[in-house]
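Letters A, B, C, D and E name the chains as they come in the text, with residue numbers starting at 1 for each one.
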Amino acid sequence: MELSAYLAVAALLFLIGLVMVAARRNLIYVLMGLELILNAANLNLVAFNRFRPEGMEGHLDGQIGAVFVIILAAAEAAIALAIVLNIHSLFETIRPDDIDTLKD
Amino acid sequence: MADALSYLDALKYILPEVALTIGLCAVLIWDLLGGGADRPREGAWLSLGFLGLTCLLLIQRLGWQEATVFGMVRVDPLATVFKLFIATAVGLVIAFDLADRRQPAEGKGETWFLLLTAALGGFFLVGTGNLILLYLGLETLGLSSYALAGIHKRDRAGAEASLKYVVYGALASGVLLFGASLLYGMSGTLEMREMARFLVFAVDEGRSAQVLLPTLLILVGFGFKLSLFPFQWWAPDVYQGVSTPIAAFLAVASKGAALAALVRLIAVAYSGLLRLGPDTFLPETDFTRGFVLLLALMSAATMLFGNLAALRQENLKRLLAYSSIGHAGYMLMGVAVLGEAGFRAALAYSFVYYLMTLGAFGMVLYFANQSGSEDIRGLHGMGPRHPLAATATIVFLASLTGLPPTAGFFGKWYLMVAAWEGGLPWLALLTALMSVVSLFYYFRIARALFLRPEEEATPLPDAPRTPVLGGILAVLAAGTLVFLWFEPLLAAASVGVEAVLHW
Amino acid sequence: MLTDHLLSLITFLPLVGMVLILLIPKDRLGAIRWTAAAATGVTLALSCWLWFGPFDAAIGGIQLRESAPWIPAFNIHYTMGVDGLSLPLVFLSALIHFVAVFASWNIKKQAKGYFALLMLLEVGVNGVFLALDFFLFYVFWEIMLLPMYFLIGIWGGERREYAAIKFFLYTLAGSVLMLVALVAIWLKSGGMSGGTFDLLVLQEMARNWAADPSTFLGMKFTTWIFWFLFIGFAIKIPVFPFHTWLPDAHVQAPTPISVILAGILLKLGAYGMLRINFPLAPDAFHHFAYALAVLGAINIVYGAYVAMGQTDFKRMVAYSSVSHMGYFLLGAAAWTFTGLNGATLQLFTHGTSSAMLFLIVGVVYDRLHHRNLNDFGGLGKRMPYYMGLSIVGMFAALGLPGLSGFISEAMTLMGSYQVYPVLVIVSTLGILMTAAFLLYAIQRVFLGPLPEKYESVPDINGREAFCMIPFAFLCVLVGVLPSLILDKMGPTLELLRDQLAAVVGG
Amino acid sequence: MLASLLQHGAGTAGHAAVAAGAAAEAFGPATAGWLLAVPLLPLAAWVVQILVGRWLPRQGDWLPTGAMGAAAVIAIWHFVKVLALHDPEFDLAAAVELPRWKFFFSDPSLTTGLAGFSAGILYDNVSAALLAMVALVSFLVHLFSVGYMQGDSRYNVFFSNLALFTFAMLALVISDNLLFFFVFWEIMGLCSYLLIGHLAADRKEPKMSAAWASMKAFMTTRIGDICLFIGMMMMWKAFGTLSFRELYAAVEAHVAGHGGDWSPWLTGAGIMMFLGAVGKSAQFPLHVWLPDAMEGPTPVSAMIHAATMVAAGVYLTARIYLLLSPTAQLVVACVGGFTALFAATIGITQFDIKKVLAWSTISQLGYMICAIGAGGVAAGLFHMLTHAFFKACLFLGSGSVIHGCHHEQDMRKMGGLRKKMPITYLAMLVSTLAISGVPLFAGYYSKDTIIAKALERGLAEGGLIWALPFWLLVVAAAITSFYMFRLIFMTFHGRPRAHCSEHAHESPWTMTVPLIVLGTLAVLGGKFWLLDPLGAFSAGGEWFTELVHDPVHFVDHETAHHAHLTAMGWSLAAAGGGIFLSCLFYLWRRLDPARVAAALGACYRLVYDKYRFDELYLATVVRGSLVVSHLAAWLDRTFVDGLVNAVGRIMAGLGTASAATDRVVVDGAVNFVGEATAAAGQRLRRLQTGRIQQYAYFTFAGAVVLAAVVLYRVF
Amino acid sequence: MGEVLAFWFFAALTIGCALLALLHRNVVNSAFALLGTLLGLAGFYVLLAADFLAMTQVLIYAGGILVLILFGLMLTPPVTNERRFGRILVAVAVVGLGAVAFWEKARGAVWHAAAREELAAPAGTVREIGLEFLRRDSWLLPFELASVVLLAGLVGAVYIARRRFPREDV
């Protein structure tokens, strides 16, 4: 398959992730949407790495970058979930719309 | 050049990072040994000690030759200066945290640890030419900040702030990463320096829009950190919710690091597309025009939003949040020029911003200690009772407004000149206009402090005295006031920009 | 040695005073006051010495120039100098601040801060008059804002907050316009590659700008900066319709601050016009001079009429300032030698007479605690000396010959009549109204029966008299011997006029 | 017309060389010093008096009085020298080197504008006569005040003000340029203000009416002053000088340069300058202040009416005569004539003794002004001089009466004072005869000359309008003698009509001596037929008209002679008629004034109310100004302030406005999709909703808009 | 050909599961749908010759992060009515608008400077990556930094998520 097919998949994932973050009324969904965005980026990185220009093959920087992203995603998910749990215990809800005491 | 360095030589370059890492490990161990719960001050001194060591090492490295070590870590004046910026800011935040009498004692060990981690992230953020390492630094800084925001886990406001921060931050950094991946795809490299060549090719081939898309996506991430419009929504809520020292950290250290990184990214990765000065215009491309317009619009919108929304705030931290949004707009104005003078002005302004914003947050802390309130109302009549802190506050306010002879004026002046000369006079005019608008809300603070009768003051019966904090404020105020220092600031910014532009 | 840095000394001595005051414990009121008096007194002595000593009246140009690099990156220099235009104003500033210290003798609320701010204010004012670097000028200009804000805001009357912020916002708006012009001028003069802030150099450059036909949004460069600078300075003067901050600020400010405000701060705008605004945009000035003259005439007549309509003594005096500053604008717009001299002298004479008027209001307010003109009466009976001094001040203000106001007003009008006869004739209506409201005020305050409640009002004391007598003396002295000042100003103003004439050719 | 002017000029030049030698002999180099001492003595007295007068013995009254005495001696001494010289073209400047004062700039290298201005002394026949008269009368008034003002609570202040007043007038008389003239002119305005309002600040019972009167006087005259100033500016703009001599030459040259035509602006400038005199000399329509000025103490009235204020106006008109175009002269003459008649009619109806005198002053001033307008400069000045004597005498006499009657001023309460106050009576009678124009008394000669001059000019110019001044003056003359004798009869004859007049007594010597001196002068002032029987100073005793010549003669000698005879006849008839009528009414009581008044009804009321000019001005000028000023104040408070503040409000409002836009836009979008009405709802007031996902929306939207703007604008 | 088929299969799996996760009413089901997406991505990685990464993806994402999310699900109560199609449509509209705007301008983009048609045969990358991580002038420092990040994440998460009311424990 050619590169653009992979890119299209990644772009779609990215958009779906954005929509999920913005539209679902549950913090867990928000976190899942974030994961989708990161994965879309990862797919990009790997695909681009694979389809490198002539003479630059062999470098694995894209893939290695993706590994780092996965690591960070894990750490981020951990912290985000911890915060969500904390929110749950203080607000008794994980609907983002209900957590709006700070506002103008 | 970098390859010529031996391992030890290379290590010498990153000794500040090493010291910081050892420091954070030490704090963690100390905390695990039980120090965090019982003797929070010791941990603070430990952290401050390591930060001091780091600063010493950094100062020592100020005059060193530029070098790339470990393949992707760039040690140059820009990085070193901003590492100092971050380290000292974090040190002040720790001092603020110590002085904050309204926080629970628990979690101190974690706070110091996370602050140091954040500083480490910031170090890598400002000192790398590799997109992945940049992302990594950004996330280290970010993750620590998310945790710091929620560190007071029994505080509803803090929890809400941390949630907003983490969601918004993760989203922004994800978008940034997506943009970075596209940029990687376009150029086949993660190194900014090599990227530049490909970007010029791409633009020459008429693919400006393709370059602009990842640029925009990357800007989302930086926009979030710098609280630029339209990515600034989190800032007021988060600043208000978190404790004052952490808010100061977010407003100063995090923002400063992001600015330096942004400048480096643009100055290096887009170096082929920059307008270096009035005399050395490279052929202007669609991309350049689009990029300038984009940044200028963001800058203008940020200024407008920050200043106008601040007009009616009652909560000091919220007010300062809006004000810091406005100031981010000013800084972005320098970046928007896409030239040496602009970068220099933006960096110089970030130093000024450092002084006055830390001062302003310190002021909030100081008076909140006295009155127990973070509202403007809590300041009523406090001026005559605390002349030193209140006078320092006036200096900060004058500087934030941009009145001479404070540093704020010189910074703004530099930005205006750069923007005007760089072809954005309307933005300079807007800045001037915004100064007047900002006067209105800044001087509500001055009014509360001095113009309201002393009888209205409502100090807590057991309000602790915080002379150290007062001293810090005085020093910051003196720094803000001694405008003759502007020359060294300017020089530092110049050297930093030189270093990245001629990399 | 001393003369080499005389101007810096005059500027920064009050700063030394301020530092000393800050070092004194706040309960030692006497020490604070006397330190302030000493600092301003020495400054006054130095400015007197400047007047009679090293200043050479035969030279029209800048004298006693001091220059040192300040911010090399922007080619900003610390450049000070004095000429016939600034000399009288520096002296006036020193005098007014000196008197203001004594007029503030009764201030007990946060006296330390008060006197410190007063000193800072003098630094700004003196600096503005002596700076020859536009950037430096701007810095000094802005330095005055904060002290004034607090002096009005903390020690003012009932609506002090409103007045203070109004003052601040108006003046800052003006300063921002000036700042914009400052940036534009700097870039025009060469920007980062060879730009300058030296006013004398800029004046030379202005000739080329005037000749440059290129436009931006349909207006020439000089036109743009002319209006930006003009509005910036006009707010300070204040010129209709930017004057509305003035009555509020005056009424709410404590007496010594009103004295400073009317006596010297309003002059800054005028000084700025002569020093910067007109020389840097000569062609635009020439082109819009008629509009300025119209504004001046409006100020004169409108200010006088509005003053007539006031019942608050201080507000009335404040509006009289609006009216009197109109003479400056009218005379300056005419730009004849006589008009220019008159306008500049008007700055000095109005400085003395308005300072006196505000002191007068202050005395009566101290005693009766109100300023309602309709509620006074017959005070001449209990306060004959006060009445005598008041009459000197008021008649000086209404332009009675033999007192200073007449000289400047007559010169202004005669000089302007050569260019704008109709406007001058309209302006004479203002003279009439000025006489009317001042006499009406005298009548309501001093004449007629004394109400029972004021039976025990004491006459002015020695300190108050000490404050007023210098001004009364100057009013008479300048009225009788105007050449004392005009001789100093003349060569400079002739030079100024010739320079403009060289640009616009006529 | 022009030819005569030129002729006049040539004659002067030819004569000057001869005369200068004689003058130089008579006046030594110290003359300037002596002359300057005349005004400076009272000035010095004023300075001392105002500063330390209070602590001097007798509150220092002797100081200004003494200074005035010395000044009077000097002035008269010099005047005598001038008289002896007997040179109609005498001008001290031509004979002696006089000092000049570089007023504005002492730097001679400044060549433009007022830099060249300097002030000097003008001492010619007119100045000399006037200086002597002013000094003498002022001295007498000072002397009189010593007695009259005894017991005043601000005795020392009064004397200091009086001294300043005198100084200003004396200095004005010898000023050689319009600017300094104006300076002293205005200082006099100040002094008149202070003196008329003297009682308003009285320590015991302050009079509010005095305050109003003083303000009225100042403001009314100031209107005129400003006109004078405008006239000055016009002259200065055109000729670049304010010196009288240079202006004469310049105007002459200007007129010559325009082929003998007077430019309209010159007429305007002349009328403007004359308006200054209208104010100071209380001519119609600015006459309203003078009667009210009676609120001042009587010596002040005497001072104002005789020697200083009002005389200055006449003097000004005389000085600028050569600058007046024929049209302007006509205006001057008509204003003067009309005022003479107009004020006289009001004089008939008044009962306050000082008010009668005040209106008579206005009327007499009308005569002088009219004379000057008609070309009789000498006549006008002559009348001013004689009038100064008899009017000062009348005022001081009335002061004496008032003093004797315990400060009663209403003539209806007087009567029969003839026996109780014989000196006063005699002095006033003599003065009344003089003012009525009875032959052999001083007023007769001057008044007669004026009427003759008016007739001459009327004949010379022809036409109805130039005939007007003459007839106005004649009628006024009749009325004058009528009301003046009415005053004498009501006050001194008949029986005392009230308590106050029954217990009247003669005044002390300080008051009577001035009366005697002035009374004497009222008799002798017109012709020196008694003082100078040998004709040492004047041939035929016509000293003034011999000394001061009219600059322009409009008719030949023959016509003038005839005119003079005609005028004499008319004026004698008028005077006699007036006196006769007065006797009918008030001495013989054949007619009842009350019935006549009743018969005249509304007309009488109108005249009694001074034609309601006060009310008119109050309703128009004063009220108008007040209304405008209140309107302006209101406008300033609400509109102008609001206008500029509105900018600020808009700025502040932008926050709200953007929020409002957002409410509509965001709400609308959300509602359009039909989702989250509840969520958006009422709490969506501002953008900062606190909801993280909405922030995300805003972010997306903002980013998309930004991107779209950039993409579609640039690419 | 097999590669193409595999691509379409994984594409369908990835996007389909993502859409399912986005649109499904039940959060647990959504989480499992997400698992499909992640596995699909792992498949892509295999196709793209990134075997190590595919493994990592399965291990860390499917095995770690997703489990973490499931834990989160279990510890928090279910949210009712959390799906609003209208809201999703608005989001799609806004996001789509941006995408379309760019698509309009960036159509026909050649994303890679010189994307090759001929791909080198896939080779094992584990060893390569391992070496890269430890090479001094390559990824050594980021690798070390990652450990600090994980440490920070750990400390932060643990501190925040720890039972917060110790008194109730007793």
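Details
Criterion: contacts are C-beta pairs under 8 Å (C-beta built on N, C-alpha and C of every residue); 3 or more make two chains touch, one makes a residue touch a chain.
On a predicted model such as this, the values are computed, not experimentally measured, just so you know.
Shared contact partners of chain C and chain E, listed by label: B, D.
By C-beta contact pairs, the most connected chain pair is A-E. Look at the CA centroids: the one farthest from the centroid of chain E belongs to D. Relative to the whole-protein C-alpha centroid, the nearest chain centroid is that of C. Here the CA centre of chain B is 77 Å from the CA centre of chain D.
Look at where the CA atoms of chain A average out and do the same for chain D: the two points lie 96 Å apart. In this assembly, the C-alpha centroid of chain B lies 43 Å from the C-alpha centroid of chain C.
A separation of 30 Å divides the Cα centre of chain B from that of chain E. Annotation for chain B: residues touching 2 or more other chains are 132, 136, 139, 143, 146-147, 150, 153-154, 162-164, 167, 171, 182, 185, 188, 209, 236-237, 309, 436, 440. Residues of chain E in contact with at least two other chains: 84, 87, 90-91, 94-95, 102, 105, 111-113, 139, 142, 146, 149, 152-153, 156-157, 160, 164.
Within chain A, residues 7, 17-18, 21-23, 25, 27, 30, 42, 47-48, 52-53, 64, 68, 72, 75-76, 79, 82-84, 86, 96, 99-104 each touch two or more of the remaining chains.
By the definition given earlier, chain contacts exist for A-B, A-D, A-E, B-C, B-D, B-E, C-D, D-E.
Residues 102, 105-106, 109-113, 135-142, 145-146, 148-149, 151-153, 155-157, 159-160, 164 of chain E are the ones that touch chain B when the two sit in their complex.
Residues 679, 685-693, 696-697, 700 of chain D are the ones that touch chain A when the two sit in their complex. Those residues of chain B lying in contact with chain E across their complex are 2-3, 7, 10, 14, 21, 24, 28, 70-73, 107, 110, 113-114, 117, 120-121, 124, 130, 132-133, 136-137, 139-140, 143-144, 146-148, 150-151, 153-154, 162, 182, 185-188, 198, 201-202, 207, 209-210, 213.
Residues of chain C touching chain B in their complex: 70-74, 110, 113, 138-139, 142-143, 145-146, 149-150, 153-154, 160-161, 164-165, 168-169, 172-173, 176-177, 179-180, 183-184, 186-187, 191-193. On the chain B side of its complex with chain A, the touching residues are 131-132, 135-136, 139, 143, 146-147, 150, 153-154, 156-157, 159-164, 166-167, 170-171, 174-175, 177-178, 180-182, 184-185, 188-190, 236-238, 240-241, 309, 313, 318.
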